[in-house]
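First subunit A sits with subunit B, and in the next complex the same chain sits with subunit C.
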Partner chain A sequence: MKIVEDSPPVLSVLDRPNSYIGRSVPRPNLARLTQGRGQYISDVTLPRMAHVAFVRSPHAHARIVNIATEAAKQAPGVLAVVTGPELAKVMTPWVGVLTHLKGLKSAEQSPLAIERACWQGEAVCAVVARTRAEAEDACELVDVTYEELPAVVDAETALDAKTPVIHASLGDNLCFERKLDVGAVDKAFAESDAVIETTFVTGRHTGVCNEPRAVVADWNPGEQRLTVYHATQAPHMMQDLFALHLGLEHQQVRILTKDVGGSFGIKVHTYADEMATVALSKLLKRPVKFVADRIESFVTDIHARDHRIKGKIGVMKDGTITAFEIDDLTGIGPYSVYPRTSGIEANQVVNLTGGPYQCPNYRAQARVVFTNKNVMCQYRAVGHPIAVAVTEGLVDLAAAKIGMDPLEIRRRNLIADDAYPTQSASGLKFEKLSHHEALAHLDTMMNYAALRAEQAKMRKDGIYRGIGFASFIEVTNPSAAFYGVGGARITSQDGATAKLDAQGNITVHTGVTEQGQGAEAVIAQCAATSFGVSMDRVRVVTGDTDNTPYGGGTWASRAAGIGGEAAWQAGKALRDNVLAVAGAMLQAKPEDLDIRNGIVVDKSNGTERLALNELARVAYFRPDTLPPGFQAELMATRHYVPRAWPFAFTNGIQASYLEVDTDTGFVKLLRHWCVEDCGTIINPQLVDEQIRGGVVQGIGAALFEQCLYDDRGQMLNGNMADYLVPMAVEMPDIDCGHVVSPTADSELGAKGAGEAGTAGAPACIMNAINDALRPLGAQPLTDMPFTPDKILRALGKI
Partner chain B sequence: MKPAPFAYKRARSLDEAVALLGEHRDARLLAGGQSLIATLNMRLSAPTLLIDINGIAGLDRITRNNGSVEIGALVRHAQAERSADIARHVPLIARAMPTIGHPAIRNRGTLGGSIAFADPAAELPACLLALGGEVEATGPNGKRVIKADDFFTGLFETALAPDELLTAIRVPAATAQTRTGFAELARRHGDYAIAGLAATARADGKGLSDVRLAFFGVGATPLRANTSEAALAHGDIDGAVAALDLEPHDDVQATAATKKHLAGVLLRRVAAQLMEAR
Partner chain C sequence: MSDLSLDITLTVNGERIAERVEARKSLVDFLRDDLALTGSHVGCEHGVCGTCTVRVNGEIVRGCLMLAVQCDGATVETIEGLSDSGEVADLQRAFEQRNALQCGYCTPGMLATAQDLLSRGGVPSRDEIREHISGNYCRCTGYHAIVDAVEAVAQARAGAKP
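After this line comes the complex of A and B, so read on.
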């Protein structure tokens, strides 16, 4: 994969003399991380720290008859062997429901299984020892007697009367159901020139992080305080949850999140084994470390995207799309994951399908059912890749049916760029999108006409290349509408504190977290720019609930748009405070002064008046020289939450160019393009890398990644040899382009960019494969991932 | 992913390694460790003793004598990949090398280890078979030679006795008439192949003779395809494909039907390589 340089940086209206907005500045943490000086959970070692390993259920569904722990307790190095009922005395159970997903239900989940194990991999017993190796050895000595129960493995039959109910107390296996009917769908289909129906399948897969889930919990009985070193995306959310389920006050719980080796949504949920680790620390009164290994990660890290969607589209001969209809079914495992629930993904599929298009008629049904597989929950671009695959797959099928170019049918149906504000048929509110400008940019960037000519020429030589498109919208900068209104204690606001030290440098404390995506760089850029110093004079502190403002963390593409705005405002507030001090010292009006490059200057002509280190010296060490009654305030905190719109929707369009080897069913990716609009671009390089990384994950979904289960609920490929993550050799060059439609909800105008790549790529690859194979009369492929098996079958070769 | 406890001994000589193997029936030999360590960490195997043979002198050489090339058991993939002797005299192995894992794996992994481990989807066992090579085994009674055709006896099973270790492989050195072909289909570069084919032949006027086809990833061992070899020697590619009688099983990457189909595709591609004009 070669990195393709983007167009010149887009300069922002926010540019000031020290502007870093719109600049690809290097990340401040780059040297540390590339020198191996990062501080991941594996690097954390505390005095008296013990290690926990878990005995996990080998069955998808089984009654736990007995757990014999004596032999394990005698094993070398073992400190404790703890079962579910024992841990239940320390920590209360939880239920993953939200009130705004009406009717969503789930069962109580405990840190360790009690009475029943409900998926292969669920922890049933904890072994705590001096080392992880000793803990694993002793795990083999724990003798669990199981009585295997029938496993529900097929979502398709989970609601049938003869299928066992996983949680008797719930009455059935239905977790959540949503129906939507807008406009006149039946009439629209009846009046359409063509109606196309097909079934899409998106394969169950997971986010594979470089650093697995990891936690060190340290209950200090002396101060009655819990410190948790946690590789998480949401420190304050975890503080709340640990406190709630251990019966503690927030003040008694400190979450420290240092470096995190990738998250992708995997690390924003409550995991029973992590909760157990925290409870074990409280029980044993000593630090306990849990680092998931790769094997247990595959059966415990949340899975996602396991959907079967029947889709239907109506179209007129002129390309007008008349109606969309979908019926989505998803099996989410035995529990709705706490606290974000496992209903959000299907809910998003309903919300987002048809989203880019001007089409008033839309009907949707989604059913979320329980199964005895690993739990599913929110993974990067929650629901988007599914909704985009269905929408864009249907649009391409419609185009093929009426003989229209796929780019042209989009041009004729995408919501007009001057139609905003507007909303989708499903009710999503759009402030300002740029579908047509993005499409035009893409058309030029990829030289579409030339590619089509090349494709036609090569087909004559028996080479089958395909071009696929996917327009998309993406949820970013969520307000309280996402979780808060549903009763989840997950904050949508975020804060930043900027303080001037005694040498005139600034430190910025932020509630958003660094997962490797570059949030620290973005926060520093925003604060440096609005305050008026160079980047090297800004230090950013993240991931410490004792020392950062209350914040949501990093998820739903919110860190830059929300955390960045808070940092921007905090920098501005501190500048005003500093200029008040400068005014007092210089006997000038603060409004006539500015800070440029770390020096207080006359705003009108830039004449240097006072260096910040001198100002800080006076403010901190000689405040007696300041005018009577004047108090310097050299620390400022600002918070920000989107209020005008529930979400800052972004948009974009991707294209894929690929070649299908019709002998082998192998797909070679030749090139990929993405034009997206995330509003103000704070750091072009970071945005492009978010897009590229996201595209690669989307390609994984389309071609490689799938958690395969057998009919007894056993995962068949839970290792890095058999579960195929996309690798660099197979990846194409990915060109990024941008349209900039800032949101007016913030001064910065930045929206999120973290999920756009993942949202559109799978649909794009699907459409390109089908475009390649269409002249061969192959049945359109709609069942991801597109393996050689499936492609050869579509070609009738096997 | 921590291995079960095991003892570790570093053998200083072949005799010591053989003696240890004889004493400890569930011992495993540690060479490059690229498969072994993973299976230990996943607790798929739990030997009581690891006998490290990396310190035994003289097993890391590539030598040529009397029309054959001897490759010591501890020759690393990377060493073979960079060897002028391999490139010149064993072009089949040179061709296969870049497809074996990734550079980090090739830096540690050994040719001897790969062949002794006998993974049916691995490249080198099939190469040895296609080359018509042989294995030198060393045991308590000294050395013996096992023909490649007799070496791979079942899934991860070989003709090595429990107290024997593979000390070298020997393959015929290529002549001006030698033709080789190699192709594999893996969903990602460096993965074990869904199906693969290593082949050698002798250019015989305008045709081929001594065709040896060794498929991998399509059975419990690398597999010769004798009927197809004969057809290919007659220049009958369609007949060679039609004669394939492989019976692969489904695995997580591909169904049996796909593997069978791909074996045919590979045969056509490798046949073209064998018949390339020089």
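After this line comes the complex of A and C, so read on.
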């Protein structure tokens, strides 16, 4: 962290009272959640509020021949039954493309399907009633006549000439394609001592937020204003989209985001049923509520990670990695999701593969194709778990091939800690990473040598334990390079407003949002520290487009690094303004004063001069006593956006220790470690808990989670009994360690930490399982999730 | 269907309640929609996630798998009641201090389940804690912090006993 001091420092900003940077202070907003007094959007009720339920397509691909709504309209409690063409008169359609993903194409999507349904679960008709139960009852009375069309379910054959084209207007089923060829790949492979090729599969899975998606839309014709209570990560983005597609000004749309029951990237997209709910409120001139049920969540919440990647690595006998090559194929459903697009995930796989390593030769191809399954889009650690699985899987296979220890091969190839600034073969720019220091820290923390000894000893007793590693890099603090340059109206800057109230306490309004990760605590820590009050005197306001600076919200691990810096700067600016008032009151130079513990003091010796409540009293109620011409400004706003680097890359390494039961194929996780470097750590506890939660989400992908579809495009396990998620008993304790390489782009130096756990865990588990089974001669497992049947197959037992 | 309603009387968080409810209405919908006790949450609606866990006649149950009419004459306790009585105050404090919740959606159910374990006395092992809360899904924390918090309270309660 580089703090710009403003005169001869007596106390550095981190030594002053109220220094909260680097402290594990509890989140100030937790008691209401532990007491059940949170307010989630699913808890919101408004006067005259109606409920919408949707009739959804049972087919993966079908022509909508007719929708008979009369019986439903007569059902008890029903207020309206609305079809796609009717709702299209209220809301315009959208297309999920970005110009910086060259050639990316998609088709128009509407709030309700018009003419065709393109995946099982797509909403084709809306029923609005007084209660949700009545709306669901009436849905059963809507008689939709479908003509089933051939469904495209296999990404491998989606581009074949004989495969039907889902959207005729697009000409083919190719959404996006990217190719990259850097260095001399063929030459490098030809000169390698060994070349290893294999195919990786990452299972299609989804976020399974504990609280499903929820929205309450309230169009008030008297005010000509729309208020949307929305469980979203990006309130200002949604304000823009609702306004755009309803033909309203931003001023006419207010987004209120209260407590959100988990998001993980699921709640940062445009969902047709949410758009429909908002349009229905406009149409019916009253509040309309939609909360997805669990089955709806499984077939409409974005899915992710459905990739098949052919990977190839070249290696010398001394462990030097000579080249990486990948061919990625992903089926993203029938539409590219608006407005972030469904091309980003594959694009990230291309960008990130090989990223931790010093290897100049890299060739990649990625093809993103349309299918008639639920849409895919950005989910926590977008593309990272796939790229890390491919990279780290290949590195482990190379190590095994040349008989080198997996940690040693990484040590020999990770970019040197003194090589920065530098860039990856794919062109990613790295300001400062710490792969080797992180690896050394992990080696010590897990006591690797002892674990290897234990593993060897237990193998003699027929117990097969494995140790797996995964080095990784993570994209955080995105600049406008992520979306803005591609034409998306998604802001990368964020703002904070700090204001002094009449009792001398401060309120901080921020554009980033609280999804449970602790953003409110981080904002309060930053502002309290830079302003100079205790945290109990700081209140944070989030999630209200009427009352927060314009901001991007929470995604791509940006809230602490970008929102925190804005709050830090706003606190400093307010401090300067307050000291100007104090100077006027005390006839002192503002630069000789400081604020410590909520009291204006002499900077040189800490002598207390003036309490903030007294200063506020005078400024607000007796401004007549201030010098002529002096105006107190007790509210200050600052914005921040990363400019020097497109992204603040972070790095880290994870390790897993597990045991495979070779009779049942079950995997028992014994321990997990993660060392990562997110720059300046604002709140160590919150960073660790982001890592732990993220690791477990990644473990889910490695061992349990997969959206299974049959050959007609029907999701087979769209409920929590059949789609398995990690529960407490299967999860290990997770140890976290840190290296600190601050970014010089901001004064705080904080980078993001929200996705590192998820990025590395699946690869780590894969490598540990293969390490456990290698002495048994099992074929390496590369097809996630690693369910017991796959493990038994690899062992040749079934 | 909606004419199939029944009168029930029950005690919820110490309050006597008399309501007419649809026979098909689940306990958690009744608590949330009819009594505005929104601390109990709905997650999966088929008994897997444990988000709707409440206590009926002293036993923890899934509010989505029990009908409101089955609670005629019963005593129901939700997070609102457990909070007001102070019964889980130490668990709540430990969860807050240890950041054993992120989004907080699973927390009311998780607290009820943890209290169910701890009310049996003794200090359960970490494995026993993990086993007991394995019917309660948390997507945010990865469970480690929850296990820490429950373990700390178990130790504190055991230490506080004579």
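Following the convention adopted for this analysis, the second predicted complex is superposed on the first by the 782 of 798 C-alpha atoms of A that agree within 3 Å, B and C clash if a C-alpha of one lies under 4 Å from a C-alpha of the other, contacts with A are read in each partner's own complex, and residues count from 1 in each chain.
We take it that contacts are C-beta pairs under 8 Å (C-beta built on N, C-alpha and C of every residue); 3 or more make two chains touch, one makes a residue touch a chain.
Since the model is a prediction, treat every value here as computed from it, not as a measurement.
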item	value
Subunit B versus subunit C as contact partner of A:E136, first or second or both or neither	first
Partner chain in contact with A:G314 - subunit B first, subunit C second, else both or neither	neither
Contacts of A:S42 with subunit B and subunit C, given as first, second, both or neither	second
Dominant contact partner of subunit A by residue count, subunit C or subunit B	C
Touched partner set for A:V696, first subunit B, second subunit C, both or neither	second
Partner chain in contact with A:D293 - subunit B first, subunit C second, else both or neither	both
First (subunit B), second (subunit C), both or neither touched by A:V729	both
First (subunit B), second (subunit C), both or neither touched by A:P642	neither
Partner chain(s) touched by A:A721 [first = subunit B, second = subunit C, both, neither]	both
Partner chain in contact with A:P339 - subunit B first, subunit C second, else both or neither	neither
On subunit A, positions contacted by subunit B and by subunit C	133, 137, 293-294, 719, 721, 726-727, 729-730
Subunit C-facing residues of subunit A, complex	26-27, 30-31, 33-40, 42-43, 76-77, 133-134, 137, 207-212, 259-264, 293-294, 515-518, 685-686, 689, 692-697, 719-721, 725-731, 733-734, 757
Residues of subunit C touching subunit A in the complex	1-2, 22, 24-25, 32, 37-46, 48-49, 51, 78-80, 83, 92, 95-97, 99, 101-108, 111, 126-127, 129-131, 133-147
Of all residues in subunit A, those that touch subunit B in their complex	132-133, 136-137, 140, 293-295, 663-666, 703-704, 708, 716-717, 719, 721-722, 724, 726-727, 729-730, 787-789, 792, 797-798
Contact set on subunit B toward subunit A in their complex	1-5, 42-43, 185, 187-192, 194, 252-255, 257-258, 260-262, 265
